[in-house]
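Have a look at the structure below before the remarks.
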Amino acid sequence: MKLKTMMIGATSALALTGAAHADGHMADSMTVVSWGGAYQTSQQKAYSEPYAEENGVEFTWDESSGEAVARLRAMSEADNITWDLVDVVAADAMRLCDEGIAMEIDHDELLAPGDDGSSASEDFGDLIVSNCFIPQIVYSTTFGYRTDVAEWGGAEPTSVCDVWDMEAFPGQRALEKRPIGNVEWALICDGVAYEDVYDLLETPEGVARALAKLDEIKDDTVWWSAGAETPQLLADGEIVIGSTYNGRLFSVIEEQQQPVGMLWDYQMFDLDGWIVPAGLPEDRLARTLDFLRYATDTQRLADQAKYIAYGPARASSAPLVSTHAELGIDMAPHMPTDPANSVNTFLFNYEWWADNRDDIDAQFQSWLLQ
Amino acid sequence: MADTPANDGFVTFDRVQKSYDGEALVVKDLNLSIGKGEFLTMLGPSGSGKTTCLMMLAGFESATHGEIKLDGVSINNIPPHKRGIGMVFQNYALFPHMTVAENLAFPLEVRKMGKSEREMKVKRALDMVQMGEFGGRRPAQLSGGQQQRIALARALVFDAELVLMDEPLGALDKQLREHMQFEIKHLHEQLGITVVYVTHDQGEALTMSDRVAVFNDGRIQQLAPPEDLYERPENSFVAQFIGENNTLAGTVERIIDGVAEVRLSSGEIINAEPVNVSQPGESTLISIRPERVEIDHTRLPADAHLIDAEVLEWIYMGDIFRTRLRVAGNDQFVIKSRNSGDQRKLVPGERIKIGWAPGDARALEVTE
Amino acid sequence: MTTSTEPVVAADGLPLKRSLARALRRQKIRALLLIAPLLLFIVLTFLVPIGNMLLRSVDNAIVEETIPRTVEALRGWDEAGDVPPGEDVFEALYADMLIATDAKRHTRLGSRLNYESSGMSSLFRKTNERRLGRFELEQPLAPQFEDIDEDWITLETWRVIKSNSDPVTAGYFLAAMDLRATPTGIEPVSDLQAIYVKLFVRTMILSVTITAMCFLLGYPIAWILANLPSRSANMLLILVLLPFWTSLLVRTSAWKVLLQQQGVINDLLVWVGVLADDNRLAMINNATGTVIAMTHILLPFMILPLYSVMKTISPTYLRAAKSLGATDWTAFWRVYFPQSVPGIGAGAILVFILAIGYYITPELVGGTDGTFISNRIYYHISSSLNWGLAAALATILLAMVLALYWVYDRLVGIDNVKLG
């Protein structure tokens, strides 16, 4: 078993060098895994539909990204990988990479250089957080609030710490049912300096302090686990302020025209991108890499922003971001990466969270139970 | 069976009607008085209303109209559990999760009887039905006959004066059924209780009852002691329903001195006892019991009527012979003759003369 | 009559017992062949996964397989002392890590050890092929490892590695019971981290509540169904089964619309004046929400066995009881109810066992105090990838169900369970 996986690893590494540019033995169908919903649609419109038109490849989309880590591990244990390309968040990509389930990638060799002539690794920059990860978009977890709350007397929150201000902004909150994001914001609002946050969180006192801060609003908080919950709760008036993904808020505000405003302060940047499962057969791997090269070039990433308010991961794509395909509004100001929106930000500290997530999550869940 | 107890109206149905759907009456104008200590059987085909009557008496159905009295008191508005009537159900309805003794103790417990008295009564009731050994068993561990005895004991254990039985022997095989008939009869006599018994088995009704009420179409067709019912059916339904019966269709010519002269469809005129025909010209059915018809003329009285018959079939049945004949156009005419050892075998096609005493031919009205 | 000393002989002279056994053997083989597909199916889909789960909950071969030389070298090191291991261990580690990094297995070990101690993941990730390639082998290795990360020379790191070097571990089970092994013995984890015992208890309490609710609501419905003419009963039965036919998401949205604070029920109560507008009931995103939603989902599993058992209880029993002098209530309680107990047993077992393993609904409507242990199991399977802990939690859950089953068998008797 061990020997076998080693050998598969070796052959796929060999395949990497040759097969990517060979066109003789490419599979003519692909199974791509993503999140479903508007996000997947944007990928289909920007990547797979034009690619299929050019190459006649048949795409199968599987909406399993939410459980991709577990499914991939099970597939890998059973030695039966049915997926060709999987969309995951960066933290999951890192985990899959550590587990040896995702294939390590040489970004410069396999990905197209930027339109501006920069190499792929320069173009993506430090968004390449793992050797297995090909970044696609920058999204953020940030706050939306209702703009019509009578008790607020016309005031609107401007700082993430207003989430804690129950006097000026009374009402129910919604926060994600996991520590990431919440503990950082709690410490910031408890007066901790930005650069000290993670050092402090490594100590038990730091975690306790963050949780104590969260205690202030615990009784007034709905804890969500699916990204769709906060927009729905906001639209129903069930909560007045809540965190969710910025693209979801864009759709509530711009597409559904709900009385909701956006609070960008200390948005938590996160990355989403592709991984290639380790151990694909040669023809499928060749096809996957060919598609991957196409789907992550400068133009394609910029195109995706026509359909959803997430920022392209390549620096070279930013100038190409145009207007929304249906609404016609300029998308640049809705990108989390827009300078006006990113005065105060957190970039999800993957390395740190990979080490500390299990520990802090246990404390966080234990705290939730109390 | 001969001495019917004096009818003191222990149970009375007074103009009782019952309808389930508001359109058709299942029980039409029922009047019935049952004496204390009487064994009365409600007999009839299914759907005749007999079970409904029993259920109204037990309190599980309410009368749509009329009054039911028990011991002089109207019980129309008394719930079943306060009527104090014992009941034996068709499938015994022994509580499967209780032992036999617990089943028997149940009615005593709900009457808040003390433990020692309860145990004594249970024991006595079990002994009464010769089931003293079986107190610890579950109903499922008993045979059908044993369950029947327990059901009986349970209906009697709380000293009910009136016990209703709804086809209690229906599930037993023939031999056991006959045996139980006698046991129930003995218990009835021994305890002096009043029994209202529902069955569709006429043999059972005749064997056990003081009086039988024959039900059909929601009415009592005849209410009489068994021998009257058999010997003197009052209408053609009862005549047909109770025992075997030959009928000959005809028209009343005249009625003189309590004897009706009836012209049969073959043209022959015979004498018969007018039961419920009165007018000359009226259609009638002559009813004659198969065992009252004689082939051997020496056994007949002098005024017996003789009539031509053709043998169609002759069957040896052990204790009797059964002969099917064509008589006055009716080819289902049956006679039963005792296997007395000197009788000869009749051959189909043979022409004989048969006869009966005039009193055995009863002229009944034609019912539809 | 044959005496007992002489064996009975069949027509062909063989002992009757043997002939009988032979005749039966063919039947047995045929029966076995008939059930073989099912047996295989059960083995493959049920016994193998459960066995796999049990193995996983104690399996810890990864450490010994990835760094065998280090494990061997560590045997001589005293973890209770205060000196880090010597050069021999680092030499072994170097040899092991060269192979492991080549096979890309070192990060996997890091993930595994990170469950025990935060930071191990990045420690192993950092110690990659590139860094190891730069080692100068003539020099002592320990300082070079220290250059990669000073954690390599801390006692804690080596204690974790040593205490996890056995191929079989009780660590997952300890963690699943909020315990941990320390050099001085087993002790509870800090209150700040304790979670599983609480969740197990809550899972039990909520499952029992849900079962009780299903019983309270389902019993009268089943009774009505059993006493209706079969035409109308079938109609109603379809209504009862309706929850099966609606998708989970539709149902969840429906509950939200109904139960949330700005939802239909609260609006109605405020409109009627029962509630003040600023005092709306919290009926979702908490334990109440879980109980309501799960009762709704699981109700059919209570009603159906109850219904099919009640169907077999003849109405004559009630009549008999009443004719014997029992009031309606006594007749029901002493005669009808005991006969319906097998249905209650079957329904309760079904509902309880289904409830105890549910995770989607509690996750959607349970908020923080309405989630189950299964939600944590799901988290460890799908998110943290700590399948060993998930397996240990699941094994404990399985053991609890079996224990309850055993208790039920002792109290009520398992033969006293009827699905119809």
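A few remarks follow.
Note that the chains are named A, B and C in the order they appear, and that numbering of residues resets to 1 at the start of each chain.
Criterion: a residue touches a chain if its C-beta (ideal position, glycine included) is under 8 Å from a C-beta of that chain, and two chains touch if they have at least 3 such contacts.
Since this is a predicted model, take the numbers as computed values, not measurements.
Ranked by how close its C-alpha mean sits to the mean of all protein C-alpha atoms, the top chain is C. Distances between chain centres, each the mean of the C-alpha atoms, put B farthest from chain C. The mean-CA centres of chain A and chain B are about 89 angstrom from one another, to the nearest whole unit.
If you average the CA atoms of chain B and of chain C, the two centres end up 66 Å from each other.
If you average the Cα atoms of chain A and of chain C, the two centres end up 31 Å apart.
For chain C in complex with chain B, the residues that touch the partner chain are 314, 316-317, 319-328, 330-331, 334-335, 338-339. By the touch criterion stated above, chain A contacts chain C in their complex at residues 2, 5-6, 9, 66-67, 69-70, 73, 95, 97-100, 104, 172, 177, 202, 204, 207-208, 222-223, 225-226, 232-233, 236-238, 351, 354-359, 361-363, 365-369.
If you check the complex, the residues on chain B that touch chain C are 58-60, 79-87, 89-91, 93, 95-97, 106-107, 110-111, 154-155, 158, 164. Residues 65, 103-105, 107-108, 110-111, 114-115, 118-122, 125, 191-195, 198-199, 202, 256, 260-263, 285, 363-364, 367-369, 376, 379, 381-387 of chain C are the ones that touch chain A when the two sit in their complex.
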